[in-house]
Each structure stands twice: as structure tokens, then as C-alpha cells.
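There are two complexes below, and they share subunit A, which is joined by subunit B in the first and by subunit C in the second.
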Partner chain A sequence: MTEYFLLQALNGLVTGLIYALIAAGLTIIFSVLKIVNFGHGALYMMGGYAGYYAIHLLGVPPVIAVFVAMAAVYVLGIVFEFLMLRPLYSNKIDRKDEYAIIVTFALFMVLENAAIVAFGPFNKRPPSFAEGAVHVGTLTITYDRLAAAGMAALLLIGISLFMQRTSIGQALDAVSQSRDSAAIIGIDAKRMYAVAFGLGAALAGGAGALIAPIFSLSPTMGDLPSVQAYVIVVLGGMGSVPGSIVGGILLGIVEGLGIGFYPDPNRALVYSNAFGALLLIITLLVRPTGLFGRAHLRME
Partner chain B sequence: MRLFKRSEALAAGAGLLASVSAPRIPALAAEPILLGWVGPLSPPGGYAAGQEMKWAAQLAVDEINAKGGVMGRPLKVLYEDTKGTPDQGTAAMELLATRHVTAVFGEFHSSVALAESQVAHKYGIPFLGTDVWADKLTGQAYPEFFRVCPCNSLIYTMVGKWAAAAGFKNAAIMQEATDYGQGAVAVLSDIFKQHNIGVNVVTVELNQQDFSPEILRLMNTNPRPDIFMVIVAGAAAYNIIRDACNAGFAPTAQTALYSGGGPALEKELWENDGKCAVNLITEDVTLPKSQWNSIGKKFEAAFVKQFKRAPTGTAMESYDSVGVLAAAIGEAKSTDHKAIISAMEHLKYTGARGTYTFSSNHQPAWAFHQFMSAPVMLVQYSELNQSADVAPILFPRDWATTKYLYARPTA
Partner chain C sequence: MKRHWASPMAWAVTVVVALTLPPVLNSYWLHVLSTSWYYAILASSWALLAGYAGQFSFAHMAFAALAGYTSGLLAVDLHVPVALGMLCGIAAAALVGGAIGWLCLRLRGPYLSLFTLAFALIFQLIIIAEYQFTRGSLGLSVPGLFAGSSDVPYYYTGFSLLLASLAVMRALLRSRVGIFLRATREDEDAAEASGIDTSFYKILVFTVTSAIAGLAGGFYGHFVGILTPNLVTIPEMGLVVAMAVVGGVESLPGAAIGAVFVYVLSEVLRDTGQMRFVVLGLIIMLTQRFAQNGLLVLTVSGLGRIARRALAPAAAEASSAVTDVEKMAG
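Our next item is the complex of A and B:
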């Protein structure tokens, strides 16, 4: 029983780290731009395909392909931010919240349907990071999952350090607190918005490239993780990167253990999202601002 | 002096051209016969299967039109994307009704076809189900609904008998939460009960991606299942197969792996699951390649040439659906719905998957308007990147290419 518990917890931890990576990107976008990016799942999907084609067309190793995918989706994010989100920073738009919802939702719809045309309707899978699995007693976990979890953890540490230790990270934090105050000390808010959206997109893209050898690629692969990312963002405290990391890991473990120990095995997998929702409800009852939440502002 | 005006000369030339070409392509000059197609072409439906069905249908339409069409009129198909959801299916069928289509065919999701069949019944439109397996579709006994594919009872009675004959004692089943999945498992459970085979059923949603927690749970049950059956028609099956393999659950010497519903027939199985799919057992809704007629061989060659992939049984069903409807319209010598339904009830048409006739029997209920001889067989992949049409056939034994009922993987 202990081994089984450990196995389910470990499996949940791996999934949770990927969730955390997606959610961290969503959090950065939300905290700086004050918008909910409904296109995040599609950016995750695009990262998966970018990694796949980097391997097959450019011949790069799977690990390097993750960084190629992040770069490609970063550029995609920057272009989208420049073309579609810039009106948010002006007074040309009255209903900024609604505008942001519509354009990011459109991003999701366009990318997902374009992917069916561009990449085809059939599932694809890039080569493994490393073939095989680790066996310890009855515990078995594939190298792909371990590699994805390890790289996700490194990326999460990297993004945390970037946000805390670099001038750009601190500038992003300043803009997230007050655009006007940041402008007074010489921070170009528009540039930070572009960086934040690109960075958030790149993290989603990296998660997609990491998960591709585990779950395969399909144009709809971002649908479910994007919903889970929203849960994590609220769970961790809206706008908190550490909160989204802890929230993602927590959600992954709760889902793994929930499925593993739910009394009715027939329905356990169907209820996997319910375990996350339950965790969210309990957390919000105890801490209404989420695990690491702080009061947030709307787009100024 | 000019003998002809330029316009007169052009008209005369056009007339001459028309008279020369008319006997060769008479169908193109006449008003087209409109057929409706319904099926998933975008998420959340099984759009990969939908796309393959659409390709095959259009191939059939092009061939028929190249031969002059039906009653001297070309066929034209209005393709409606149902997204795999019953509400979109209903809307698509309503739209096709307003376009006064002669008949409708297609669909991949039983739940959607059930919704569509209500609309077809309301308007009296002939509706030929292409790859929808739920028994209750024909079980509704609607005069408008016919089916070219086998139904769950035909398929899973055979699968259950095979499992019993192969000596399995304890099955774990992962079923999709749809009319297809639940219907299939209901049939299997009955057969397993008759043969004292234990059953442990787990339900999954098609949009789920990580199945490893449940697979670990099934793997750790006591007694350990000796067969793991994945009754999932969507691409999620690829993840389940890989998760089961990576966990060391199946296919292994202790536990066989079965995948139903079609995804294991696509060539993407090998890209997604690689060596995990060696020893996988699946059903194929077509005839053994050794029994293919000239129509089947010609269709396969044309499909491969045009789409650079071998057609699955689903594609063959779609191809034959057009042939069946064209033949019925030709027999009826009319585009009247009732005349076509009557013609289909007495039709004998040979397509790529054999000779089609539709039962008028109501016992069992699902037999009504069902193509009772719809082919289905079980194959087990014996090597990497193997095509289903050359994989060893396990069942039915009349078609089997092996002496064994199941090749157990070596430890």
C-alpha cells in the first residue's frame, strides 16, 4: 500500500510540475497585463508542435527542441501582443475586459482550427527524451516523465530567479503593481507587456513540448490543461508565480491520489477534474485570496 | 460579306462542343442530386476519422460522376461538420433538410447519430449510418435509418466469444463514456458472465490525457487482469495503450492488450505507441485482404495514391455508403425519400466490403435495416509498423491465418 501511495504521489508530482509550468505562464500574463489569456491552451499546443517539427525538420535533439519551441512560441506571443493587445493600453477601447476575453478566446479558436489544417487531424508524437523506465520494486516511472518533470522544475526555478534577480523581472513586478508608478521610475510599460505575454506564452509552449512525448500531440491537446491552469492560478493566488507553482504541484498530487484511492474505481478517472475543483473550493473557503494571493488591480 | 456574326459562331461552336462532349459526361450538364454528409471534422469530435470518411466519400462521388452520375445526374455532397456533439448533429441535419437533400450518410459518433436520426425521422429523410456502432440506432426501428457498419452486438459478441475461447479469466475494461463505449461493454459483460470471466470496468472521458493513475490501480488489483480492453474510439486510446505498456501492465506475458473502436487501425498507432503496439489485438471492420474483390482493391489503390495512406475499414464503409445510396437512387429511379427507402430495403449492392443487403427483421431489435453480413475480424499485430490488413487474423476462425487464438508476448 505504501509503494502504491508513493507511486501515485510521484506520478501526480510529475503531472503537477507540468501544470505548474503552464500556470506560471498564465500567472505572469495575468499579473502584468491584468487579462485572463483564454488562448493559453492553444499556445501550449503550438509549443508541442513547434518542438515536434524542430526535431523532424531541423534535426535537433528532443531536449534542445523544448527551447526551440519556447523561442518559437515567445515570438508568436510577441506578435499576437503587438497586433491584438496593444489597443488595451490606449483609451480607444471602453470595454477592456471584454475585449481581452474576445481576442484571447479568438486566439484559441484560430490556432486550434488552424492546427487541424496545418498539422493534420491525426495525432503525432515526437521521439522520447530517453527510452525506458525506472523500476524500483513495483514502482515504475518512465524516463520521459522524469525528464519532463526535471526540466519543468528547472524552468520553474529559472523563471522564479528571473523574476526576482533580474532587472527585467523586477520591472515586470513593478508594472504588475502599478503601471503609472513604474513609468515614473523610467520603466517602459508597453515593452514589459510584450515581454510578459511572450514569456507567459513561452512557458506554455515549453510545457507543450515537454508533455508531447508523454501524451502525444493533437490540435485539441490544450483544452484540458488550460482549464486546469485557470484552477491553479486561482488556487495559488491570482498573480502569484510561487503560488501557481505550489498550486500546480498540489493539484497534480491531489488528482493522482484522488484517482488512486477513490472508493468507486469505475468512476475515479471521470472525477479527476472534480478532485481539483474540490481542492480549489476548500482552499478558497480557508483562504479567499488563494494560497499566495494578493489584491490585484485592473488594467489602468 | 460575313456569313456569321461572331456571337453566332461562338454559339455554334459551343453547341458543337456540347454535342460532342455530352455523351461522354452527360451528368455534368444536369441538375445534381444532393446528398448530405454528417460527421466530425473539428474538435471535440473524432475529426481524424471524420476527415478520412470525407476523403473516401468524395473519392466515391468523383468516380460515380466520372461514369455519368446517377440517372444522368451528378452526385453532389453537402458536407456538414457535426463536431462530435449531438446538438451540432441536430443542427446539421436540420440544415440539410432545408437544402432538400435526397439522402444523408456518414457519422462516426453513435450519440450524435442518435440525435441526427430523430431529425431524419421527423422529415422522412433516408439516413445511412456509416461508422456508428450503438445497437439502439437500428433498434429504434425508424424506417429511415440504415447501417452499413457492424453494430456493437455483432462486434462484441464475437470479441467476447474469442476472449472466452482464448481462455481469459479476468478482464479489465476501460470504456469511453458514450453510447458506443457503454453499449459495447454491456454486450461484452453479458458474454463474459456466461463464461465466468471476471470484469472490472473503468469509465473515461475522451478529452482526458493522463490515464496512468487508473492503470496503476488496475495493475495492482488482485487477481491481476489477464486481458486489458480499451474500448475507446478516440485518439485518447493511444495514450492509454502507451501508459499501460510503460507501466508494465499490458501487453505483457501476464496481461493481453485489446483496443477497440478504430484508432489501432490508423498508421499513427505506430508513431504514437511504437513497440507498445506490438502484440496489440484489435478489430477491423473489413474483409481479410485475401477476400477483397476488385472494387476493394481499386479503392485501396486510389486512396493510397491520393492521400498517401492506406484506407481503414471506416474509409471503406464511407466509400461504400455512397455506392449504396447511388445504387438505391438508381433502383428507385427517383429522388423521392420513400422510393429510396423502399429501394434500400430490397437492395443488393456489391461494394468494397462485400454485397450489401439490409435486414427487415426486428428480432433482435438492432437487426432492423442492419447490414447483417458486415465484416469484422480480430487481428493481432506481430511486428513493428505492421499494417492491419497484413496482421495475423485471430478470429473468426473461418478467416484466421494463425493456428493460435492469441500470441502471448514473451516475458
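Our next item is the complex of A and C:
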């Protein structure tokens, strides 16, 4: 019985790392552009399909396909930002909050339904990163899960270093703190907005490509993970990348264990999805700035 | 001067056309239009909540479904008369809606959207999980509002409910409440500072719009005869957002007309499958990007401009004729 829970905790850790990746992308978009991207789940889904077609049409090995997917979704993000989000930085439109919610939500509608048209409603499954599984005692954990967790962890470390050590990362942080001050010291805020949205999209896309061999692809695969990502971002404090990482891993493990504890397995599955949403509601009510929130990143 | 007669005139024409349509329509389009009244009530009440009051809620469909299920379960399990059940459904939606409004008092902008999105998701999952009460994803069969299988009584009922809810919301907005809501939306702190009890009006607008959503939900359930968790899905909410955005979130009749237009359009495009939602999504983006007040307002002002341009030479002629006459008289 303890082994069962250990297995659930391990599986939870893997999904937690994936959640953290999606949430980190959401956080970067939020902290720089000050908008909540309601199309984030669809970008995650697009990453999964981009990886799948990179493997099948271009003949790329699965590990490389993850990076191809990230690049593809990065481009998608940049294009969307250029076409639809640019008016946010000028005074051409009224009520920017609403504008941002509506257009990112429309992005979700377009991508999810276009995916049903283009890729078909049925599940697709890309080839594994590596066949087989590790056995420790009675525990079995597939190489796919290990590979996805490992690569997700590497990407998370990579993005943290990028944000802290590179000049672009610091420029992004500067814009997130004050657009005007950043402009004074010569940072092109418009370019940073594009980079931030592209980067956030790419992280979601990478997460989608990593999860694909574990839980196959479907056009609606992004619906629930995006809610989990909102939970993590709110819980971790809007705009804090380390907060997103810790929050993601915690949520994954707690969710995995939750399924193990609930007596009725059918309902456990349904309610494990509701768990994240409930946590989101409670966090918003009790501590809207999150656990690791930074005051200057609060929504204006 | 023009507005004084143009607006009631347009209303009268719309109502007369809507009332005389059923004998002309075949049963398929009658059903489509009757369903579009449901969406029109939802879109216009959502426009009041999101457009006027600035409370960008994603839980609107959940209130409609809550009322539908309340009324349906009362009718199925306790054999409560349908009309009474619908009233109970409206009361339930108003109560829960008010409670959500109260809980969301501190939340602004996207935070409120996230909160209501999570609420709608939980509500949908409860309907799926508690299948011994709700029949889960299979759907709950509920009795009809009228005996017989004709859609004609539903068509007229739905249309009357739409007009009634528009009238109620218009009366609300014409009173001081309308001004207070707009003031709160534009600057909550400033509104608070000028003595408006913003909390009260926020809860009020949530309660009223949820009750109206509940009315729509109850009508819809007893009209189509089956309730499923799909009523609460994100795409359904997206459809209502699209309707309000296309019609104009700041105009309640605009949102209602937008709803009928979008729903009929989605039926015309039914053969294209999911492609129609891609088209709708693109329409939302383009409308927001280039005509934030909605396509309807754009069309009306465009037509007005054309009309003025067409009339302009005539008006110039008339005024020059007047000066001629004056000269002659002089």
C-alpha cells in the first residue's frame, strides 16, 4: 500500500514538473505584459501536435522534436502578439483588461477548434522518448516519464538561469517592474513584450511536446492543465518564476496522492480535476497575492 | 431629434417581424430561432454584467445550468409543476450568483475571470461526478413546459421572456443604478470616494444577471427536454462571449441581436463542423481589434453616415433654396 502511494507521488512529481513548465510560461507573460493569457492551454496543445508532426513529417528524433515544437509555438506566440496584443501598449483601445481577456480567449477558441479540424478529434500518440521502464522493487516507472521529468527539470533550470543571468532576461525583469524606467535606460519595451509572449508560449509548447508520449494528444488536452497553471501562478504569486516551479511540483504531488486516497475511483478521477480549481478559488479568496508574491507585480 | 422616433420604430418593426415569422418558417428554423432566444437572454444579461458593470465573469452558463438542473430535478424527482420549478431555479441562480458576487468583491479584472472560470469548472465536474442525481454525462430528461411537440409556443414564450428581461435590465440601467455601475467600472476607488456603495451594486448586478441567466436556463431545459453538463463547457461560454462582443458589450439589445445573428450564422455553417467556431473566434478577434463597440454599432453608424451623405446634397439644395427665397424677399 505504501508503495502504491509512493508510485502516485512519483507520477505526481512528473506531472508537477510539466505543470511548472506551463505555469512558468504563464508567469513570464503575466509579469511582463500584465495580462492573463486565457489561450495558454491551447498553446500547450499546439506544442504537442507540433512535436508529433515534427517526428512524423520531418523524421526528427523525439528529443529534438521537443525543441522544434518550442520554436514553432514561439513563432505562433510572436505572430499573435504582433497582430492582436500591440494595441494594449497604445491608447487606441478602451478597457485593456477586458480586451486582453477577450482576445486571448478567442485565441483559445480558434486554436482548439482549428486543431479538431486539422488534426482530427481522435487521440494521437507520438513515439516514446525511450521504450521500457525501470523496476525498483514492485514499483514500475516508464522511461517516458523519467525522460519527460528530466527534460522538464532541465528546461526549468534553463529558464531560471536565462531570466537571471542573461541581458534579455534582466531586460524582461526590468520591463516587468517598470516599463517607463526600463525605457529610460534604453530597453525597447515593445520588443520585450514580443519576446515575453513568445517565450511564455514556447514553454507551454515544450510542456505539451513532453507530455505527449505519456498521455496521448487530443485537441482538448489543454483545458485542464491550463486551469492547473492558473492555480499555480496564483498560488505561487503572480509573476514569480521560482514560485511557479515550487507550486507546480507541489500541486502535481498533492493531486497524485489525492487520487490514491479517494475511495471511489471513478469520482476520484473527476474530483482530482476539480481539486485544482477549488485550490484556485481558495487562494484567490484568502491570499490573492499568492505565497511568493512580489508586491510590484500585483495586477494594476 | 431623429433618435426620438428611430429607436421605438426599429423596436416595433423587430417585434412585429419576430411575431409574424413562425407560420413562415419550417420546423428546423423555428427550433433554431427559439433556441436563439435562450442565447439572446444570456448574451444580453452577460453584457450587463461584463460590459456595463465590468465584472468579466465566466460563470454565466453555470448559473443558467444551475437553474435548469434545479427546475429539472424538482420536476423529475418531486413532480413540482414546471412553472414553479423554473421560479425555484431562478431563485437558486440569484442566490448563488449573489453569493459569488459577494465572494468576488475584492477581486478585479482577470482575477475575477479566473475565479468564475474555476467555479464553472467545479460546477460542471460536480454534475458529471454526482451521476446518481444528475444522470451525469448521459443527460437528464426533463418534462416540457407545454404539452405537444410543436415549437411554436416555445418560440413565443422565449421571445416574450427575452423582451421582458431586456425591459427589466433597461429599467435598471435607466435608474441611478446604471450610472453607479458605470462609475464603478471606470474607477472603483473614485466611485467609492464619491459615496457610492460599490459593494452593494456589484452584488446587486451579479444577483440580477444570474437570475436572468437562470430564467434562460430554465426555459432552455424545459424546451429541449434534456440537460447535460455540456451546457457549462468553456466553448458554450465562448459562444455567449462571441455573441455579446459581436453585438457590442455596451448595448443590451445589441448583444441580443448579436446572439441571434451569431447563432443563426453558426447553424448556417453547421456543415463545416468545428470550422464555424474557428470563424467565430476570428470574428471576435477582428471585432475587438477594429470595432470594440461591436459590429452592430459599427453597421448602424456606418449606415447613418451613408444616409447622411446621400441626404447631404438634397439638404444643401434646400438651404440654398431658402437663401434664394430670403434674397428675393429682401
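The rule we apply is simple: the second predicted complex is superposed on the first by the 274 of 300 C-alpha atoms of A that agree within 3 Å, B and C clash if a C-alpha of one lies under 4 Å from a C-alpha of the other, contacts with A are read in each partner's own complex, and residues count from 1 in each chain.
We adopt the following convention: a contact is a pair of C-beta atoms (placed from the backbone, for glycine too) under 8 Å apart; a residue touches a chain by one contact, two chains touch by 3 or more.
These numbers were taken from a predicted model, which means no experiment stands behind them.
Asker: So, does A:M84 touch the first partner subunit B, the second partner subunit C, both, or neither?
Answerer: second
Asker: Let me test your reading of the model: by the given contact rule, A:F105 touches which partner, first (subunit B), second (subunit C), both or neither?
Answerer: second
Asker: Using the touch definition from the top, say if A:D223 reaches subunit B (first), subunit C (second), both or neither.
Answerer: both
Asker: Have a look at where A:S178 lands relative to subunit B and subunit C in the superposition and call it first, second, both or neither.
Answerer: Neither partner.
Asker: Should A:T140 be classified as contacting the first partner (subunit B), the second (subunit C), both, or neither?
Answerer: Once the two structures are laid over each other on A, A:T140 reaches subunit B alone.
Asker: Under the stated touch criterion, which partner chain does A:V270 make contact with: subunit B (first), subunit C (second), both, or neither?
Answerer: both
Asker: So, does A:T166 touch the first partner subunit B, the second partner subunit C, both, or neither?
Answerer: A:T166: touches no partner chain.
Asker: Contacts for A:N113 in the overlay, against subunit B (first) and subunit C (second): which applies, first, second, both or neither?
Answerer: In the superposition, A:N113 touches subunit B and subunit C alike.
Asker: With both complexes superposed on chain A, which partner does A:F122 reach: first (subunit B), second (subunit C), both or neither?
Answerer: First partner only.
Asker: Which parts of subunit A are touched by subunit B and by subunit C alike?
Answerer: 112-113, 116, 223, 266-267, 270
Asker: Of all residues in subunit A, which touch subunit B in the complex?
Answerer: It comes out as residues 4, 7-8, 11-12, 15, 112-113, 116, 121-125, 133, 135, 138, 140, 142, 215-216, 218-221, 223-225, 255-256, 259-260, 265-270, 272.
Asker: Which positions of subunit B touch subunit A when the two form their complex?
Answerer: Residue list for subunit B touching subunit A: 42-44, 47-48, 50-51, 177, 200-205, 207-214, 216-218, 220, 235, 238-239, 242, 246-248, 266, 268, 271-272.
Asker: Write out the stretch or stretches of subunit A touching subunit C in their complex.
Answerer: Listed in rising order, the residues of subunit A that touch subunit C are 35-36, 38, 83-84, 87, 93-95, 97-103, 105-110, 112-114, 116-117, 223, 227, 230-231, 234, 266-267, 270-271, 273-274, 277-278, 280-281, 284-285, 288, 299.
Asker: Which bits of subunit C are touching subunit A when the two form their complex?
Answerer: Listed in rising order, the residues are 50, 54, 56, 103, 106-111, 113-115, 117-119, 121-122, 125-126, 128-129, 234-235, 238, 241-242, 245, 249, 273-275, 277-278, 280-282, 284-285, 288-289, 292.
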